[in-house]
Every structure is written in C-alpha cells, then in structure tokens.
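Labels run A, B, C and D following the written order; every chain starts at residue 1.
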Amino acid sequence: MPGNTFGKIFKITTFGESHGKSLGAIIDGCPAGLPLNKADIQPDLDRRKPGKPEDLEKGLTSPRQEPDKVEILSGVFEGKTIGTPIALIIKNEDARPEDYESLKDIHRPGHADAVYDRKYGHRDYRGGGRASGRETAARVAAGAVAKKLLVHVTNNAIKIQSEILAPTKEEIKLAASAGNSLPGEIQLTIINSPAGLGEPVFDKLSADLAKAMMSIPAARSFTLEPKDLPEITEDSSCGVQGGISSGDPIQISVYFKAPSSTKARGVQGRHDPCIVHRAAPVCEAMAAITLADHYLRNKQAQLDCAPL
Amino acid sequence: MPGNTFGKIFKITTFGESHGKSLGAIIDGCPAGLPLNKADIQPDLDRRKPGKPEDLEKGLTSPRQEPDKVEILSGVFEGKTIGTPIALIIKNEDARPEDYESLKDIHRPGHADAVYDRKYGHRDYRGGGRASGRETAARVAAGAVAKKLLVHVTNNAIKIQSEILAPTKEEIKLAASAGNSLPGEIQLTIINSPAGLGEPVFDKLSADLAKAMMSIPAARSFTLEPKDLPEITEDSSCGVQGGISSGDPIQISVYFKAPSSTKARGVQGRHDPCIVHRAAPVCEAMAAITLADHYLRNKQAQLDCAPL
Amino acid sequence: MPGNTFGKIFKITTFGESHGKSLGAIIDGCPAGLPLNKADIQPDLDRRKPGKPEDLEKGLTSPRQEPDKVEILSGVFEGKTIGTPIALIIKNEDARPEDYESLKDIHRPGHADAVYDRKYGHRDYRGGGRASGRETAARVAAGAVAKKLLVHVTNNAIKIQSEILAPTKEEIKLAASAGNSLPGEIQLTIINSPAGLGEPVFDKLSADLAKAMMSIPAARSFTLEPKDLPEITEDSSCGVQGGISSGDPIQISVYFKAPSSTKARGVQGRHDPCIVHRAAPVCEAMAAITLADHYLRNKQAQLDCAPL
Amino acid sequence: MPGNTFGKIFKITTFGESHGKSLGAIIDGCPAGLPLNKADIQPDLDRRKPGKPEDLEKGLTSPRQEPDKVEILSGVFEGKTIGTPIALIIKNEDARPEDYESLKDIHRPGHADAVYDRKYGHRDYRGGGRASGRETAARVAAGAVAKKLLVHVTNNAIKIQSEILAPTKEEIKLAASAGNSLPGEIQLTIINSPAGLGEPVFDKLSADLAKAMMSIPAARSFTLEPKDLPEITEDSSCGVQGGISSGDPIQISVYFKAPSSTKARGVQGRHDPCIVHRAAPVCEAMAAITLADHYLRNKQAQLDCAPL
C-alpha cells in the first residue's frame, strides 16, 4: 500500500525517480485565497540544491548540477490559490544515467538497492530511483507553500529555523578530501507556532514531527528538546504538552548517518561527504508541512461558541 | 478538506484546471511489475476527446480540439511499473480563455460557478476550472492503467463495457441543430470480475461504484441492475451480494442530466449537446479504478492457509 | 483492507455481529462542546427497532425483540462532548443463535453467506453476522449524534426527513400474510442544509450521499432528484451544483430490493416482509453523518479573510 | 480532525477517558482465520498494569488497582477472527474521581491540562482524561492481537523484546521514597521481522516506528540504532534500509521524561515515580501494531509473477 502522501488535510503527494523525466508534488488541501507564485518556492529549492559554486569550492557538496526550476501547473489563478490541487513540477535536467549503468546488477552497501529489489522485483537502478535524496526536492517545494500558509495565518510571526550542530564545514572538507563521509546533526527551532496543534492520541504534534523527520533519507534519531536547556527534565514543556503545542518555542534535533557512497569505498558517482547542509531545508520543509496540516486539522476541535 | 483522491490502495489524485497549463493524475499504489506504456493509455483518451471529425460532422460533440496526448513522467522503468507513483500528464493545448472572459462576473445557470465562488471566494472562471468535464481526461488516463492491471490479474478475462441506452445519435443531432441539449443514460457491464471484491460494511463494491459514478460531472442517478432482467426482483444477485462481488456479471446504469450550457440559452463557448458519448469511457475508467482498488484491498481478507 | 469506517473528519467506525455480545459505533471527530446525552439517541433507535407492538399487529416487522438501549461509554463529560472519541454501545439481548444453527452449512439464496465464506474462509453464520441489517442500529445511533451537531450549527434550521414512497402498509400486510416480501422506495428531503458542502472532484456531496445510501443493506438505486419536479431536467439544481450544496432543498430517492428470506421460500428465522419502514431512519442517519462530515470538511476551504 | 486511529490496514482506534466507564480499542483490518481469545491478550495487560503487589512493595508503581480485564465484543467466532472489526473493552473499576475533584480548576504543571482546555474548551479533568497514561491499556490490548498475527505469519519466529536501559529499580525506589520522579530509557529489539516492510517515501518503517513510539505519553526521543554497536556509523544497516526492513534485527531506543506529578511537588493522586516499567509493554505493543500494519501493506508491492 502506497506511502507517497504526507498529511491529512494539507496533503502532499510526491512523485518522480532520481533520473526520470521530472519530479514533483501535488498539494491537495491548501485553502483558497493564499497569495502564491514561483518566487515563494524557488529560494528554498536553491538552498537545497547541490553543486552551488561556493559549496563546491569548499568541498561541501557533489558537483551534480540541478537547476531545480519549479513550475506551478495548477491550483493558482491570478496570483492566489483557488482551493484546487497545486501541482508543482521540477524537471531533471542533469540526470546522467550512464554514471550509474555499471550499478545495474550491484547492490551498493548501505543503500536501499537490495531491499527495493526484494520488495518490488523491478527497480530503477539509476541513482537510487525513489530512494535517492533527490526526491526531497519535491518536499522542499511543497514545504515552501506550507511556510507561506503559516506565515499568512500567523501574521508573519512564525519562524522555522534550522542550525547545523555538527559537523563544522572544516571537518566536512577534510573528510571529502580523504574520500570519506560524516554523520551530522540538525537542530530545528519553531518560534511563535500557533497553540493547540496536535491531535490526541496518536497524531500528537511531537509524533507527527518525529515521523516527518525520520522519513527524510538517512535520518536516524529524533529528539524533542527542552528549550534552552542542556538536558531533558521533568519540568520541560518543550513547547508541546500532551502532544499539543502550547505556543511556546518548539526545539527538536535530528541526527543523520554518514552517506554510504564514498570514493574511499570505491563507489562512483557524484556524492555528498555529509548531507546536513542539504538536509537542513528539508527538515524545515517537513516541519512546515506538519504544522500547516495540524493548523487546518485544529479548526474542528471546538464548536463555534454560538450556533451559526 | 480536499477531495481530489479516489481509492484506498490503488489511489488516484487528479489535478489541473480546464484552462490551465496542464492536467494529470498521480497513481499511488499500482504494484510493481505491470507492463505499461503510453500506448496503453492513449486509445481511451482518444475515445473521450471531443472534436473528433466524425463526431463533429454528426453534430455529436463540441468543436474544441484537445489533442490530449498523455506523457508518463514517473513510475515506469524499462516498460514496467516499479511500485512508485505513476505521474500522467496531459497538456492543455487548445485552451481559449478569451472565450470565457465575458463570464468572469457571471454565474452560468445550471453550472457550479456560484457554489464555487461561495465556497472558495477566489475562482478560475475560465471554462469551469476544476468543475469542467475536462477534468475527466485525467480519470480516463488513470483508468487505462487500472484496466491494464485488471486484465493482467484476470489473465485477460475481464471485460468492462459501456453501452449508451439513450438518447440515439439522431436525437442528439436534432437537439444540437436546435441549440438544445439532452440528458442520457449509460449502461455498464462488467464480465468476469474477480470474486470477493467489496469491503463490509461501508465500502461495499456497490457503494463504491455508486460513488465513482456519481462523482462524474452531471451524473444524477445510479442503479445496480439485475443482469438480463427488466426489473429488480428479490432473486437478483446483480453480481454483488452483501456488497461483495460473486464473480457473476455486474450491470449498472448511470443517468446524466442534460448539459446546462446551450446556444438556445445564449451561452457562448464550445459545448456538447449531450455528454453520454464522452461520459461512456469515463464511466468505464471509474469502474476500472474502483475494481482495481478493491482487487488489491481484498488481498488481506484472509490469512494465508499456512503461516509463512 | 477494512471498510468499517465512514467519513473523513466526522468519522464513524461500527462493530459487532448480529448475534454477538453487542454492537456499537465509535465517532472520532465530533467537536467539543456539543450538548449530548442518551436521550438524543434513543428515539431514533426506537424508530429503527423491529418488533414494535403496533407494527407486529400490522404484520409490518419481524417479532424479534431488540430493546436496543444505547450506552455512551466515552467522549461526553458533564453533558457535553469533549472532542475525544464517542463510544456508543448496544447490547444484543434477544439474539437466538439456535434459530440459525441449522443454517451453519447452508448458503441462503439472495444473502451474502456464500460471498462471505469465499472472501473470509471463516464466517459467523448466525443471522448474517456483519451482513445483517442489525448492523444498521449502530449507524442510527451515530447518526443521531450527527443530527444533533447539524441542528446545533444551523441553529435548529436543518430538517432531514424521510418518506416512504412505496409500498403502502396495506401491501406489506398482504405480502406478509402470504409469506412473501416486497421491494420499496424511500424519499429523503433535506431542508436548510448549510451551503458549500461537498469537495471537488471525487467527494462531491452527491457522490458521498450515493455511497452512504448504497452502503445500506439491500439498497439498489440512488437518485438525486430535482426538487418538486416529476422528472430530471437540465434546469434542475437539485440543491447540489457541481457536487456542492447550494443551500436549496436536496431531495434524493433510494430503492431497496425485497428481502430474500421469506416463509414462502422456506427460510426460518424472524424476517421483515419489507424493509422500508426500518430503513427510513437508517437513510436519515447516513445522510446526517455525510452532511456533518462535509460541514467540518468545508471549514478549510478558504483562508480567513485576514491573517490571525 | 481526529487522531485516535493508528495504522492504514491493520487499523486501531482507541477510546475512553481515564476515569470514564470503560476504555477500549477497535481493530479494523485483522485478516480472518487468526486463532484468538482473551488469553492471548490478558498477559500483556497484566504486565502494563500498575499496582502489582511485588511492584508496590518495591515502590515501583502507584497503588491504583486496575484489574484491566479485557473482553472481546466482536470479530471473533468459534476461536478465530472472521475479518470483521475486533472490539476490545476494558472496564474502569477503580476510578476514583474524587481524588481529582480538587484539580477541576487547576492546570497541573508538566501536564496537558492547559493545552486541552485551550484546544477543546470543555475537558474531563479527572486524571487527565484522554491524556492519561491509562489510555495505553487499549494499545496494549490491540498490540497483543498484532503480536499474535505476526507470530502466526512468521511461523513463531518473530521476537519483539524490550529492555529497560535506565534507571535501575534501586534508583526508582530511592526517588519514590523521596517523593521524586525519574526519566528513563527503553531499548526495543525486533528479531526475525519479515523483510520488505516499509513504504517509500513517507511511510518508511523507521518513520512509522518513530511516530508509534513518540505517540506514547512522555516519550521525548527516538533512535534507530545500529545493532550491536555503541554508535551509529555509516555501515550500519540497523535492519532498515531506505526505510524498508531487510530481515536483520531492528533495534530502537526510546527516551521518556520523568513524570510531572510527584509528592515533592505537592500533587495528590496515585502516580508512578518512573514510567519505564509500565511503558515497556506499550512500546512492544506499538511496535507490533506498526509491523502488523506494514506486513499487510506490503502484500501489494508486487504483482504475482503470473496473472491469476
């Protein structure tokens, strides 16, 4: 049973293989009336994209060139959403399947190749197909729409910010030059979240944030942290009580394993020595999608005070 | 909360406005290993398409030219499905928004213009947007994939056939020449359906077929008919017992109201005098999607006889 | 894949076999703050219940005595809903499995016995199990909560009324005395429905009402009728345009086949000669659940005019 | 929008407030043919239950007496499941609302009282209502059914085992005697999981396990661990690759905050000094439910080799 949809009301469905014609996302459930255009989406895609000259120079990312230009195919009319599905599409312009042809019959260690073969029988072996980190571009595009919605409904108050806790850029450069890879950790802080988000008992905000983060490739650990405290104590509200946001800051951290494909291990292709720099906007996007979904879900918690 | 997805396991999500850049469908849940290419899909799209020269000559459809060429963006590799979302896209090449510009501030009688305005506040007024019959092109494309799946799993035995019960082509020509429109009725017969399809108690096969048909624009009535009998008697199995298919033929009829936009009423644009000829492949598509979904849903009804 | 849940936000899940210990419904998604107690539910259950003395006397129902007393196990505190699941339970007190013991290895014609056996392998043969009309008691209980919600939010304006179009009570008495059974038709009229209910494109209000009605045992046909008109014309709004309610009256009709178990056919047990009298409150309940669900779904269609 | 259901095919819905009449779970989607009776469920409930004499003596749990006797109301016939909803119910026999009456207008620090009041307006203040750890009894009951299913389909091979990493019983006794509370950590090991479980891209097995664990009250951190290794390295498969189980052991750890209600803080009622002993069977239950659901979901990944 398929698993390419996230969210219950603000629902995103992503599609597209790493080396196929294009990838994208359908957002079904964005309310009508939200101002939206490509310029709201492109900057986050640019942050996620590999091969930025300054990063290449620093040895921080792979040299794969992905222009990652988003196009809005539907759901927006005269600059505002109309309540119909928003289709976002990104063409794959620098797919080089020939880099991967040699991997056709090989299961790369640490990759999903073997489990995909076993589960599906028939697999797109070019660059990981759907298991590739490239799929996250669609999440980032959809996340930008979620951010726009949250910014609108909080009157510009909400902030979703990521910080890379480890490793530092210098460490990554060293690992890259040695053909190695490194794990890393990202901290995400959400300021001025609406209160009341999260649905007892399974769809707690913390539980859905955990799922959102752990669905990102290479994620291995999720922690809901007490704000401004070095350790988790019984006093900490963490901005989430009983699975419901209190309006206080929410702070989480996500740990990512080191990329499995490295030159030191003899794996060809264009790979990142550490994914935290590219994963950061993906974490923000998934947090925004989770919050936007719960913002809409929360609208039915209470009856209006007086009958209509 | 959005309503652009149909099905629980073989799930289709459609997107696209009548006069937007393109429309399409994402199928999430088609199993891996199904042979599939564009040639499996295009013939059904051609049947649904308006403006076929022979039909125009006969006054049966509107002159709008929609090449309706489908493209498969993902989910298929080396000629077979790989278990990932299948994105199907159709470009709108003959959209002429200027035909509709005059309707910007008008609510056409019998159309969804007024209710969309009230529900969403902001609306794509060009040709009905999502409420247009054009949206059904995406259903037909997805339905062709469902048919392919059903044909495969039944070893080519299943047949899903539509017949137009009323009106005859001659009647439609007369109505068209007078600038009028006509209602109509389609009968759908499913031969060699797998047995066991339908889930008690709400997702009966008959209930989901009813929803599928009644979701087609202009549908007004649905009947599960006894096969080969003029009336419904207590003996009739109708191929569905207690909401579950028995393997016997299933026969249903669907009634469509007459199109509301007619020249006689002074409505401009390119409109059909009767929609049954174009609705027939849509009915077949929705039946195929419903059956394919229930075929997959039925796989969990029983434990395998012996533990794995 | 299971099918015992109806609705997306106002979600009901029913459980219980005809001759098991009890049956019931869980409503997940009723907003907090709705006044609710048993007295809101019992009257509808009493209407659906068979064996009322006056009906027995008239030969209209089976003599099975089902007290059908509802109990509210959760979700209500100090007379109002609290936003948590509302569990409703009804004990089966007059289950007489011995009446059915002889049917253990028999598939009654016109019943779901054979398809259940084939689908599930293992079946509760006592009185139809889940396929029994007894399951609808749980729908009626949940429907009473939906009605309470709709009455509250429309400030007492909404009316959901059923009328039996055919057959008349005299006809049923005649059929019963001859050991026969009869089909029947119910007309449902909804006055003062909120406008804007129904979600394009698959979850049209008309499509979900069709599913709701066709999920009732023995339902065979569904029609969305033009109000106050003998036939369906192109002008008719039917209170639903493009699948969305306009606020005008909605009128539908539902056709039910004749019960398959009759004395004339030698089937033992306590059976109804015609089900329309008992099906009428079930139709009302399913309509109320469908409307309540869409009322809540509609809350996200538009952004609030100004950001919060 | 409600959040009391977990799972897509093996779906559980729980209901019941801490001090209401009863609580329970409906399992919709358990295949027919699974041997099942109360004795499969009661032992896990007994492990979760507070107030066991040996634990009381050791100061490990609160003195609240909850017999927690499960009853199966539906879905099982002659000792085997029949594919219909399985209703499990547990009566609340030792609810002492008077202990909590004084808390009616108080928001206990570290509890969900304030966020519930704000979200729902109207709240069951007796012992936390739905936010109470008592709700997890229903999860444990449903989890026992999931375990039975997994044991059956793996031919008795699967093991889902929890171990308490911290704190030791001695530490808890000390904290309890001082009126304090402690956080704790549980490690869960799954041996002989079926391979192929997990659905790209959002419903990765690791993501759904994270959600399952983080939905347990007081959970604060989730880690997918490399088996038998003190730290996460790039080589580790963790039994889950690309979100899909490989068949290798899966090891996870879950961190729980210290209970907020303590005597040292002046909070009355019967409370646990540390919840890990009672949380351990809940972790196992949620893992079993997650795996059972994904076992059934995986059945549609591939077409059968040959058409039926």
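Going forward, contacts are C-beta pairs under 8 Å (C-beta built on N, C-alpha and C of every residue); 3 or more make two chains touch, one makes a residue touch a chain.
The model shown is predicted, which means the values in this text are computed figures rather than measured ones.
Between the two copies, chain B and chain C, the Cα superposition rotates by 180°, quoted to the nearest 5. Chain centres computed from CA atoms place A at the largest separation from chain C. A separation of 28 Å divides the Cα centre of chain A from that of chain D. Here the spacing of chain C and chain D, counted between their Cα centres, is 34 Å. Residues of chain B in contact with two or more other chains: 1-2, 4-5, 8-9, 14, 29, 32-33, 83-84, 119-121, 130, 200, 296, 300-302.
Per the touch definition, chain D reaches chain B in the complex via residues 1, 9, 29, 31-34, 83-84, 149, 152-156, 194, 200, 296, 299-305, 307-308.
Within the complex formed with chain D, the residues of chain C that make contact are 1-2, 4-5, 8-9, 11, 13-17, 20-24, 26, 28-29, 32-33, 71, 73-75, 77-78, 80-87, 89, 119-124, 129-130, 296.
Taken in their complex, chain A has these residues touching chain D: 1-6, 8-9, 14, 109-112, 114-116, 118-121, 130-131, 135, 181, 183, 195-196, 198-204, 206-215, 217, 219-224, 232-238, 241-246, 255, 257-260, 262, 296-298, 300-302.
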